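Each of the next two complexes has chain A plus one other chain: chain B in the first, chain C in the second.
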Partner chain A sequence: MNNLIRGRPIAEFRRIIQDPVLFIGLILVVVFIIVAILSPIYMMVEESLTEKGQELFDRYLNSPVYRTIIRNTLEMGLIVAALGTTLGFLLAYIQVKVDVPFKRLMHITYLVPIISPPFAVATAVLLLFGRNGMISRGWFGIRYDIYGLDGLSLVLTLSYFTVAYMNLKGMMQALDPALDEAATNLGANKFRIFRTVTVPMLIPGIAGSFLLLFVEAIADLGNPLVMGGNYEVLSTRIYVSIVGLYNTTAAAVLSVILLVPSLLVFMVQRYWISRTSVVSVTGKPTGTPQQITHPLVRWLLFGAGLFVSLFILLIYGTIFAGAFTKILNINNDLTLDHFDFVINGYGSEAMKDTTKLAAIATPVAGLLGMVIAFLVVRKRFMGRAALDFATMLGIAVPGTIIGIGYLLVFNRPNEITLPLLGTITLIPKLTGGRAIFGGAGAIVLVFIVRSVPAALRSGVAALSQIDPSIEEASISLGADNIGTFRRITLPLIRPAFFSGLVYAFARSMTTISAIIFLTTSRTKIMTHQILNEVENGRYGNAFAYCVILIGIVLVAIVILSVAVGTTTGAEKTMEGGA
Partner chain B sequence: MANDQVGSLILDNISKIFPQRDGQGEVRAVDDVSLAIYEGEFLTLLGPSGCGKTTTLRLISGFEMPSAGRILLDGKDISHRPPNKRDMAMVFQSYALFPHMTVFNNIAYGLRVQHVSRSEIKARVEKVLDLMSLPTLGERRPNELSGGQQQRVALARSLVVEPRVLLFDEPLSNLDAKLRVQMRSEIRNIQRRLNITSVYVTHDQVEAMALSDRVVVMNEGKIAQLGAPEEIYRHPQSRFVADFIGRANFLPVTVDSVTGERADITLLGQNMSSALTFDASAGNRLTAVLRPEALLLKNDPDLKQATVKQAMYLGASSEYIVDVDGQELIVVESDPSAEQIFREGQSVGISFVPETVHLLTQ
Partner chain C sequence: MKKLSVITLCLLLAAAVAPVMVASPVAPVEAQEDTLTVLCTPQEDWCVAMTQAFEEETGIETSYVRMSSGESLARIRATQDDPEFSVWWGGPADAFIAAYEEGLIEPYEPELASVLAPNAVGVDHSWHGVYVGALGFCSNVEFLEELGIEAPTSWEDLLAPELKSNVAVAHPATSGTAFTAFWTIVTLKADELEAAEAGTGYDEDGMPTQAAIDNAFEYFSKLHQNILQYTRSGAAPGQMAANGEIAVAIIFSHDCVKLQVEGFEGIVVNTFPEEGTGYEIGGMGLIKGAPEPEAAKMWIEWALSVDAQSVAGTVNSLQLPTNPDTPVSDLSVKLNEVNLVEYNFIAAGMNRTAIAERFDAEIAPQPTE
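What follows is the complex of A and B.
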């Protein structure tokens, strides 16, 4: 009897084998995960555990300098997570529960940081609030030293709060308004409802956002490079170890130290929060949420929401202004020189290469995300949870770590020597060159690895909403798994597919930490070029890069929405029909 | 009609074991079920929630693989054939219409999968739309249809591929009571007309009785009884079946004597004999099953006397709970004319129709 139960996953596995296309899909996914995610992480950990590495562990963990760096990293992560989650919660609450003007417009400005090229926000904040800041010095006459924890917290919060905002907004909207109504019926006032119903129901969302922001913040490389000043964190130290000292082992050791809190948080997120989040998201809330009507509270919240919107506009406005002026705040003459530099000059290669590589990675990442989501949600087989977990590692693990892992794995061809066949190249050298198999392959792979997790999550969310009997109906009518996926599943999760693609493209275009070690003089990537310009103080060029990058992403979104579509077709006629 | 008495779809000692959802232990959802379904037959799986009806249906359709046993269709073992190669079409409780396709495309789906020619698809879909009285709705989307229409489309979509076997999982449970009765007779008529072997899952015994050639009553993963509706109602083989199909009073009786296949008993002060379906001898304690409508109430002092504990007037009938020697019995009087209405607390004579008495071992 017991072996019957144990036999069950095997029976499921047999079913998967019976459908060859599905089986091949599964194999490809597994190979992808092993080659692109697990082996780089493994190699990096291995490198850190060499004799030399162990010595370094000893040295770093006992040195006051490094202890400060570790403490800084955690401190910054906690502050950004707390600030970002609070901000996200506040803005989501205003959107869902308070009736204020310009809601829709404010919402759009909150989404803008999704496309934030690294360094753009930090550089703009420096120009506005730094020692010679247009606002701090120009308006208030203060020479404010913004470098360090305060500036870092500001730019990181600004760059990442959108994740918390969207998370919490979605959850608040899904909360059954009947809960509010019940509490009101029982005599609770609005503040009491907020305290006793809204917040507790959202605890999983709040905790989830907090952890996510923490991981993002400690992994971030671009902002600390520009804003950190003397406040050093692990990611910048790792960068210096490789780029400045060419010490891969030291970088690997520091990476493992950074990996520990990231992975810990990731696991807590998965196993604790996902277990306890028995939120009554009923799917079809009836009625509309109760709105806050108290005039003072309303206007205060409106003021806060508007302030954030304007602040974001100010930052992005500065980026634009900087791109079109000679030297913003010093010589405000309008010019197109910076654009000329990027489009026709030195930057054109990076622009074309980056776009091309991102365009290759995007469809692969989007489809891969949907296929893995399908396998994870709909199929039962051994290692289903492991598949999901391993895929998510692509984003849970800081980008610098992925980058170093890739250096270690792909900087040489991976060969295997077999007794009779001799040496076979399993994976050619993927770094260094410009052609995909000549070297840019590693970069494309990194783009994919970093983008698949988001596509997976949105795919999983969408699939769990679809009654499995819809797919079963298709199969019972004679369609095979692939036909069903193509004709039924994919159209029904089209919005998730679309957002997965958009995210993949935006992420690929803006990622820096994971690819900064993989670019060479032959493969130029825009984000790396931006860093060079910022480091050399040529802000105008950097801003022009950013504006063009944002433009490319926006154009891509339009192209994707036309090519893929943003709706399932099920909702279309709800307006038109009947 | 049905029944050339050769099982065309055979379940041979089928079991299905699930690991418990919390990972501890196991659930025997289907426990060693054997069943032969005849060509053209309408067979219903009936039972309380969780008894394994859906699982049995999903084993037949191939969405679940049996833990043990075989499934045969026309003599061929199809136990491991994938569901899309089984030539069976399933009608789901939630209808499972493809929300992004029009009614026409929903129905045409199975034909397109089979690469049927465009003109033939058009003809066949239109024919089945006609059959289901849906002719003008082809261009609508599922969310623009009423529940009853959605149900018809779901049935049409399965019928159009002319499957070897039609499977239904509680298809009517989302409809309101009136529509349910109407769809019930439509399903029955169409099944008769097309003569498609059908397996139908429900927990509504009236639906099962109304639709089926034969009913399988299931309990805890096992077949409790299999037979024609009338047979199951008249001669339940266990207390569970008697209680689940309709309502029943259970009265303890002692066998006075046995002659041939019949037992003489005394029931409610009346001497009578009743057919035996099992071995029994004088002195054995048995249970008599009496349906509420087989009990008669009458103002007659010569009869055994009962006290009316509760009276409910239901229009077409009256229902009473009466107390006889400390045991409560349900009585349904189907012609509640004025002189036949009894009040609570009143004493009344009770009798029964002897032919309807059915004996059980316990």
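What follows is the complex of A and C.
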């Protein structure tokens, strides 16, 4: 019966229509995607193609200055992607294949950058290794000029390598150890296995991580603003053309130029790498991976892993210390002033607003991700692939583009005039202090748009591993679709749902490039405030914000794990049966 | 066909939901005017102190957003159909003149306008001065020693090869401070041209000529080689100098003194270019179409009072007050002690946007050798 439906998408579509709850779910998802993802991108592209925009395209693409800027952007992206992937690979390899002490602790330190706000790393690096750095100048007496490509590469690599690390670690753990064993039995040594078995099997993962990091790096706005020096990249140019000149056409044109490599990479990853994947994820490796035992290699790798851990600890230690001292490196007296500023002072508004909005966006993003995953994996209907693709655009497209697109679409009410009914406001004005909810609507929407893709991916990954017959059984026993989704599917993909929620919350709390254009007098956002503090050199306040932000994310993770962690009957049955 | 029906259904569904969404949350905030939204351009701590003081004085719930002068102008322009701010307080008057020129500001004459110096009152009472301050160089003493040079005392000094990548200034598109610096150079170049041949520096209306502006661009493209980075906000380079990231910051001298008072005494030193420096008259204006016009007018009346102008001292903002009855701190830089250029605010205001755009196109993105 299942096969019959697979062959007939329209029939399945009819079935969806017959189930009103599912149908409304699908409609909501489609409306969400059209309104929140596609329309801003469309408006931005349209703006860039106006006559004025075309002239600008001409000017930018033919100007040596802008060619340098485009080259800088790509160069930075490639360097960060290469460094980050290498680092991620190395650390993942140590975790999975080498028996070294403190593994678990090192693993935890590698995760920290994910939950930390932007600029935290950049500011700490500036204080430690900058021109007046506590280490570079304090210990070595060098005024190291960290502004520009070298500083940016370091900071962006540190900020984003975790993505590659997690990705590759997951793949390495899923590699069937039988392959290694077979190679060993055939007489290969460890290095040969590494070169001819491990690496080739991981190529898709390596390429995927590389591309992901590339996109993250070229889209990054906060770090180039803080330590770009005269190394100009596209994102900072876009920023100035909006905040300084409010030239939306110029911003749109530059955004489209930035969009091209991002989308290209996204397509390559989606259609090429996923097809060449040779890894068979069985879910359960058939044995434990063989460990590297060669002492020299082992200790060298241990040293490398430990070095990275210590470096991260140093960075976050600096942030922590800076939050409690008057002016770190100038006046090291202890103080709680900075926390007073964030908790009681004028910084408190941003803290409350951001947490509240992230808390609203998180469950919506998590559920939306699971619903889309469910539709994409379990249902067959026309436009299924397009649904997945369009959702993923939320993260494939640089944040600056989403932010400017929102300004273009939502800075006025969207109305249609219908016969008989007159003019109807479809979507009220969402951006700016005069909009509904003081402009918070657009910000929540951006939070959701940026978080759903990750929830979708983890949902898809989880669902693909669950046999549909379990759900079919539920339906045959008389449960409806929504009941089955709620009582069977959702509990089964609980870990994916949980990681989707955690990611959504962390992402919402730390995102900057998209919302920097959308904060208003009535809705202040922590990351934007941190940028203000960093730019004006009030590092203590910025660090206190960072510490509190990290604290909030950690608390949220605990709360989420308690809330989502309840084991349901369905799951117990699964565990018992397995 | 199926696809089409999905879209139609979506639209119908959205249409059904939308009125409900609109109806509930929009409360008529402006009806009672117990709130005020200020666009605030000076440093953040002063904005906080001012809005709190106003709130205590009037009971009006006052919120603000801090934006640099160019940013503010851009934002007001972008939101002119439905302004979110009612009053704009602080930042060089050039930006207010540009805004009035574009019809973004509504004239309003407060009672205390009469106590102000004539140059602190805009045409038609479009804006009023709230403070005054001179531009200067804020240098890190230790850094200069290391480079083996003295603190700069002329604009030419900033071009010294030793200072390569060791100077910072804000971006004139976002910052009024940086624009003041730019217009100061325009004025000096106009004076130079005028001295060489009458009529080449200034036109018959007393406006600096295009040649003077071009020469200023030439100066800034040379200076560009020495600039580490252009910051968004005007006072930010001062912090960079204080933290030892750069040797010299081009900022308002009161911001340098503020740093000295707030923990960087002996670390930064304040100097002035001897050929002449620019100055700002911090402006204030009522935004056209302001959502809270009555509260905004109350703010404008209040901001010229001695009480309001005394708030500055409490947060070490050492600009000179425009109300002559306000006590002046000993630490403030007195304008008669500095050689000032003949700063033509009106000409500056009228050229502001064009210069900001040209700077962003020609100077800022250039790579340095």
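Operating definition for what follows: the second predicted complex is superposed on the first by the 552 of 578 C-alpha atoms of A that agree within 3 Å, B and C clash if a C-alpha of one lies under 4 Å from a C-alpha of the other, contacts with A are read in each partner's own complex, and residues count from 1 in each chain.
Following the convention adopted for this analysis, contacts are C-beta pairs under 8 Å (C-beta built on N, C-alpha and C of every residue); 3 or more make two chains touch, one makes a residue touch a chain.
Keep in mind the model is a prediction, meaning the values are calculated, not measured.
Contacts of A:Asn230 after superposition: chain C is touched, whereas chain B is not reached. In the superposition on chain A, contact of A:Tyr66 is made with chain C only, not with chain B. Taking chain A as the reference chain, the count of touched residues is higher for C when chain B and chain C are set side by side.
In the superposition on chain A, contact is made by A:Leu477 with chain B only, not with chain C. Of the two partner chains, chain B is the only one that A:Ser469 touches; chain C does not reach it. Residue contacts after overlaying the shared chain place A:Leu334 against neither chain B nor chain C. Residue contacts after overlaying the shared chain place A:Leu186 against neither chain B nor chain C. Of the two partner chains placed around the shared chain by superposition, chain B is the only one that A:Pro491 touches, whereas chain C remains out of contact. Of all the residues in chain B, the ones that touch chain A in their complex are 17-19, 26, 61, 63, 65, 67-68, 80, 82-85, 87-90, 92-94, 96-101, 109-110, 113-114, 140-144, 154, 157-158, 161, 167. Every residue of chain C that touches chain A in the complex is listed here, in rising order: 2-3, 6, 9-11, 13-15, 18-19, 21-22, 25-26, 37, 43-44, 48, 63-66, 70-71, 74-75, 77-79, 81-85, 146, 165, 171, 173-174, 227-229, 231-233, 235-236, 238-240, 242-246, 263-264, 267, 291, 353, 356-357, 360, 364-368. For chain A in complex with chain C, the touching residues are 10, 13, 27, 30-31, 34-35, 65-66, 68-69, 126, 130-132, 137, 143, 145, 147, 225, 228-230, 232, 237, 240-247, 326-327, 329-331, 345-346, 382-383, 411-412, 416, 418, 421, 424-429, 432-434, 436-437, 519-522, 532, 535-539. Looking at the complex, you find that chain A touches chain B at residues 1, 4-5, 7-8, 11-12, 14-15, 18-19, 467, 469-470, 472-480, 483, 487-488, 491-492, 568-570, 572-574, 577-578.
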